[in-house]
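Each of the next two complexes has chain A plus one other chain: chain B in the first, chain C in the second.
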Partner chain A sequence: MLDVQGLTVRFPSRHGDFTAIEGVSLSVNPGEIHGLVGESGAGKSTIGAAVIGLLQPPGYIAEGTMTLGDVDLRNLTAAQAHQMRGARISMIFQDPQTSLNPLMTVEDQLIETIQAHEDISTSDARTRAIELLEEIGIKQAATRIKAYPHQFSGGMRQRVVIALALCTNPELIIADEPTTALDVAVQSQVLDLIKRLAQTRGIGFILITHDIGVIAQITDNVTVLRGGKVMEHGPTERVLRAPEHPYTKALMDAVPRLDKRVERFLVPESDVVKVASPAGLTGADAEAWLLDGVQQGGADLEMKDVTVRFAGTRTSLWTKPEPFVALDSVSMQVRPGTVMGLVGESGSGKSTMAKVITGLVSPAEGQMTLAGDPLPAAKQRPRDHVSRRLIQMVFQDPYSSLNARHRIGEILSEPLWLYGLEPDAARRRQISAAMLDLVGLSADSIDRYPHQFSGGQRQRIAVARALLARPRFLICDEPTSALDVSIQAQVLNLLKDLQARFGLTILFISHNLAVVRQMSDDITVLRNGKVVEAQRSEAFFTAPKADYARELLQLTPAITF
Partner chain B sequence: MLARFWHSDGFWMLRRSPAAMIAGLVAFLVIAGAVFAPWIASTDPYDLASFSLMDGLLPPVWQDGGMAQFPLGTDDQGRDMISAILYGARLSLLIGLMAMVIATVLGVGLGLAAGYYGGRFDAIVMRIADVQLALPAILTALLIDGIARGVLPSEMHGDVRVAVLTLAIALSLWVNFARTARASTFVERNKEYVQAAMIMGQHPLRVMFRHILPNILGPLLVIMTVDLASAILLEATLSFLGIGLPADSPSLGTLIRIGMQFLLSGEWWILWVPTLFLIALVVSINLLGDFLRDVFNPRLH
Partner chain C sequence: MVYFILKRLFQSIFVMLAVAFLSFSLFRFVGDPVSQMTGVETTVEDRERLREELGLNDPFLFQFARFTGDLLQGDFGYSYRTRQPVAEMIADRIPATLELGTVALIISLLVGIPAGVYTALNPRGFVTQSILLTTLVGVSIPTFVIGIMLIFLFGVQLGWLPTFGRGGTVQIGGWTSSLFTVEGWRALILPAFTLGVYQLTLTMRLVRAEMMEVMRSDYILFATARGIPWRRLHFRHALANTMVPVITIIGLQFGGVIAFSIVTESVFQWPGMGLLFLESIRFVDIPVMGVYLVVIAFFFVLVNLAVDLLYIAIDPRLRVKEAA
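Now for the complex of A and B:
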């Protein structure tokens, strides 16, 4: 049905043309779900945009043919291409929050789309819209259709987006990361829906994703991309089970498995050229410096009946708004020198836990102790309290956790200066450079700015910054969720190494159960601010006690073959 | 250093924008002329001995009766127009720059603190800003002028005119800076690098000035250029209305006010020369501000 041959897309820029896609060929049959997988910058989304004719200017198709049935997609006038979009090709975007118009009811948006492509009365269009909503699994569609997008949950909104894409009976739907913004449970529902539509309606799907689990779960064929080139393509099962191309192999090795724990991920050797640090200090010196600290090993943390309330949204001018309970008498015990995995869906209170421990949020009730000493809540914690240094944090987004206007050297030596660990500026610089070496970066990175590094390298810098405080308790809040699989594997390896060498206590927060399994000794599952289950990690993954935990484990897309 | 500037994105954009290049050139010439006025100008318009009434009301050199000595003519006192304008621009730029700097320091400081602390402090600062916005600059200037006259002995009044004018202009401009700084700080405060600094227990002042300020500087620089133009215009307005500088130390606004008397008398140059000069200066600074805004907008790269 869709046949793409030798597609090449270029973006002209100041430094000459940049080739985003080079010689990509793929074909999609009716009822087939074709996965496009690759890491960021692989050109997945660009292929989708080229097929649907929505390439971001100034990008252009340099070579190749694209045909849908008997129509040549490259030789369309703007008006014809516009007609083609919607009528025969539709698109589902990543974020259902922004792909629906917040000021129009779902009904209006559906009817508008149907009438745009077909000469049909409004009441007929409405009947069709209601049928569509029922088909994609929205109950009481006749009344729900009057609602605005914000009145639907995230998963329901994505269903509405799919209904919009279905309005005109397209032959091909391009789904660009359709479940990335969704929680596991909702993700599996949406994936089921896509699979059902492919089977019952015979629609061909191009499913663009970075998540191998999603690929494994629903695609028939898969194309693996890297740097705009096809690495490998074929039936999903064959490609994932017995990858032929070295890149695919490396990629598969880097994917955290839900069904077993591995000690280290296999990652391709990094191509960083190591430069000796200015004073000749290396990672070993940084290690010695860390071990030289007064206190070695980790510290245990205990939280008892911690409750956090936030001011709720005001519904009336006269009554006080109901407080929103983010954490509901949560207790947690982190054993010294171990990794505690903190798991839960978005909104379950994971990040609030981190904020309470680090003192950004004051709990309404509850006590905390760190290494046996009471840990004061945010408002009572003085700026020079010892826990400010002992507890350090690695954040989710390496693009915003480093100050873009400071050089790496300034960022790294700040904790050394602030906590008075090293009075001498030159010495601070040496130790910072040595620490860069320890986390696997070149020591000459010290004079560069954060934007000159990739996401994974930045996350290493963030880890180095945390270590330079000589912490005993490290909080990692989704440290790899913004990173590509192979980079994630490297960062997880680094964390594992550091933990083993320095016996740090780590609180590892993640929504990804497979990653948590690789990292943690104990597990705490949060749901709506309450602890659902707290267990040893292996026991949890083999025999979860709580129903909710079992459900979570089942719904997580896994590579089962 | 120079090579880096030559290859930077900003300079690349400058080379592709003729409007910005011309604006930059005009602004550069005007500012250089003003700074080096004592060396460039043929006469010192503040020095009564250096000009004579005999040369009064001479037209520009290309009209009948013009003298090569006074290329753009003279005013009724016999002052060379070019010298008067250069010295006037010097004063105007000085007042504009000082007012802009005071407004920046005041506005950015208050805006940063309001955005960082939020809550009641934020509410108070922003309400004061709202009140300030409701007061026209002329009223502020009259108010400060009145207070200065009341507080200071009368022989000092002439000396503090420049300070009064600067303060009045600064007070009517700081709101822009405060609002922008506050809004950007709100955004930055929730970013992880700021949270990291807060978790480490850094002093709030250090978080504000060392961590947040460098990251919100882009839009502030744009406002600084645009407000420099506003400040110069405001000074001209106030001087034109007679609240500003007196005729013996003329700024551009004062020169225009003097020229007004000759609007219909045929001696057009006395009004039009300083007016066109002011327009060129303000428009070119504004164009540079627009250009800076584009440079700092990552979407346009």
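Now for the complex of A and C:
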């Protein structure tokens, strides 16, 4: 059906053309789900955009042929191409929060899409829209269709997006990371839906994803991309079971496994050219400096019956709004020098836990102790309380957690003067440079700005900043979920190394069970602000006690080949 | 929804009280009211009697309460200069200013929004660049210069339009309108354009910036991928989303246009509130100035309330969450 041969896309720039994809060939048959997998910058989305004719200018197709059935996709006028979109090729985007027009009801959006391609009365279009919504699993579609997008939950919204892509009966749907923004449970429902639609309606799908688990779960064929070139392609089972290309192998090795724990991930040696620190201090010195400060090792943390409530939205003038209970008498014990994995879907209260511990949110009830000393709630905790130094945090998004207007040197030396660890500015700079070396960055990075680094490098900087406070308790809130698998593997390795060397206590928050398995000694599962299960990690993964935990484990896409 | 409006109204009361206080302080503390009302030959005893009669010896808060109470009952006091009731003077002038401001707003929206949409959709075209350049020149020149230039060109050189006053007016109830005669429109067009030119530019640039932002959003991309006709895509999907932030600014600006039409009114000798305010300043006619302040604040509050309601009408996310 869709046949792409030798597709090359270029983006002109001042320094000559940049080739985004080069000589890519792929074909999709009716009812086939074709996976495109690769890390960021591999050109996956560019292929999708080229097929549907929505390349961001000034990008252009330099070479190659693209045909859909008997239509040459490269040989269409702008008007023909626009008519083709929706009618024969459609698309599903990553984030259901942003891909629906917030000001129009779902009904209006569905009806206008159907009417854009078919001469059909509004009431007929509405009937078809309602049938479609029911088919893809939205209950009481006849009334729900009148709702606005914000009145649907994330998973339901993605179903509406799928309905919109589907309502004109296209032959091919390009799904660009359709489940990346969703929780595992919802993700597996949406993937099942895609699979069912491919089988029952014979729609061809191009599934663009960075997640090999998703590829393994539903695709028939897969194309592995790197730097705009095809590394390997073939039936999914064959490619994943016996990868031929070294890159595919490396990619597979970097994926955290849900079924077993590995000590270290295999990653290709990083090609960072090490530059000696100007002051001659190296990672070893930073290590010595750190060991000097954390002689006591990691601190244990105990939370007892911690409850957090947020004010609800006021709906009426006279009744007091119902408070939203983010954490409902949660107790947790983190043993010193171990990694506690904190798991749960979005809205389960994971990040609120981190905020309570760091003193950003005040609990309504409950006690906390750090290394035996009581840990005051946010409002009572003085700015210079010792826990503000002992507890450090690594955030999820390395793009927004570093001040873009500060040089790396300033960012790193801040904890040193803030906590009064090092009075001498020159010495602060030396230690910062040495710390960069320790986390695997070149020491000359110290005079650069955050935007000059990649996501993985920035996360290393964030880790270095946390370490420079000589913490005894480190909170990592989804530290790798914004990173590519191979970068994720590197950062996880780094965290493991540091934890082993300094005996840090780590609270590792993640929604990804496979990652948590690799990292943690103990596990706490949260759901709707309550602890569902808490036990040793290995025991949890072999025999979870709670039904919810079991369900979560089953739904996580696993590479079973 | 009801709660939201009540909350807004409640806040508005405080704004109005604050302005009333300001206006009262002006009245009470800028000079001695008695010496402004009386001549040099008034005796000290008479002055003292007057002071007692007017209640100027009462406690401060009591006086303020009486002032506010009088305002609420529509008793705005008397002008020092003309000895007329201030309420009458303001009521005489309000129609002229409101008509001028509204027509200026309509001109700016009718030209500004389409121009903004056009320049956003064709960001590199020759026409776009020319429009942007012209409007840049437009905002850089002060209002009164534009007004004088327009008077010179259309009033003096070409002799097409009158250069001052309201032209023919029609009396409808207590409202003197110039919207129902050709002469009235001819007199209105120049000052309205002068007043609206800044707002026009602002609207256009805002619409352009917002629209370009919206056109890059995921839902527009998705609508494009579904093959929604371009016309509908631009005007139904993109424009509605563009208007949400634009409305706030336009609303605030409209309040400003009413309040600060002083310059334009004085250039065109337009008999509106702005001109009245200028005359009052010249004669230190404090009662008129105080009431002018209160009336203008009232307009601001009203316009802002209207903007908030419009917001709710446009954006369903701001309506109270129904059971999802």
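Miscellaneous remarks
Basically, the second predicted complex is superposed on the first by the 555 of 561 C-alpha atoms of A that agree within 3 Å, B and C clash if a C-alpha of one lies under 4 Å from a C-alpha of the other, contacts with A are read in each partner's own complex, and residues count from 1 in each chain.
Just so we're on the same page, a contact is a pair of C-beta atoms (placed from the backbone, for glycine too) under 8 Å apart; a residue touches a chain by one contact, two chains touch by 3 or more.
All values reported here derive from a predicted model rather than from experimental measurement.
Using the contact criterion defined above for the overlaid structures, shared-chain residue A:320 touches neither chain B nor chain C, since it reaches no partner.
Of the two partners chain B and chain C, it is C that touches the larger number of chain A residues.
In the superposed pair of complexes, A:384 makes contact with chain B only, with no contact to chain C. Touch criterion not met for A:260: it reaches neither chain B nor chain C. Of the two partner chains, chain B is the only one touched by A:14; chain C is not.
Once the two complexes are laid over each other on the shared chain, residue contacts for A:360 go to chain B alone; chain C is not touched. Shared-chain residue A:396: touches chain B; no touch with chain C.
The touching residues of chain A, counted against chain B in their complex, run 14, 358-360, 383-385, 388-389, 391-393, 395-397, 400-406, 414-415, 418, 465, 469. The part of chain C that touches chain A in the complex is made up of residues 2-3, 6, 217-219, 221-230, 232, 236-237, 240-241, 244, 314-317, 320-322, 324. Taken in their complex, chain A has these residues touching chain C: 52, 54, 82-87, 90-91, 93, 95, 98-105, 112-113, 116-117, 147-148, 150-153, 161, 164-165, 168, 313-317.
Interface residues of chain B facing chain A in the complex, by the touch rule stated above, are 12, 191-193, 195-203, 211, 214-215.
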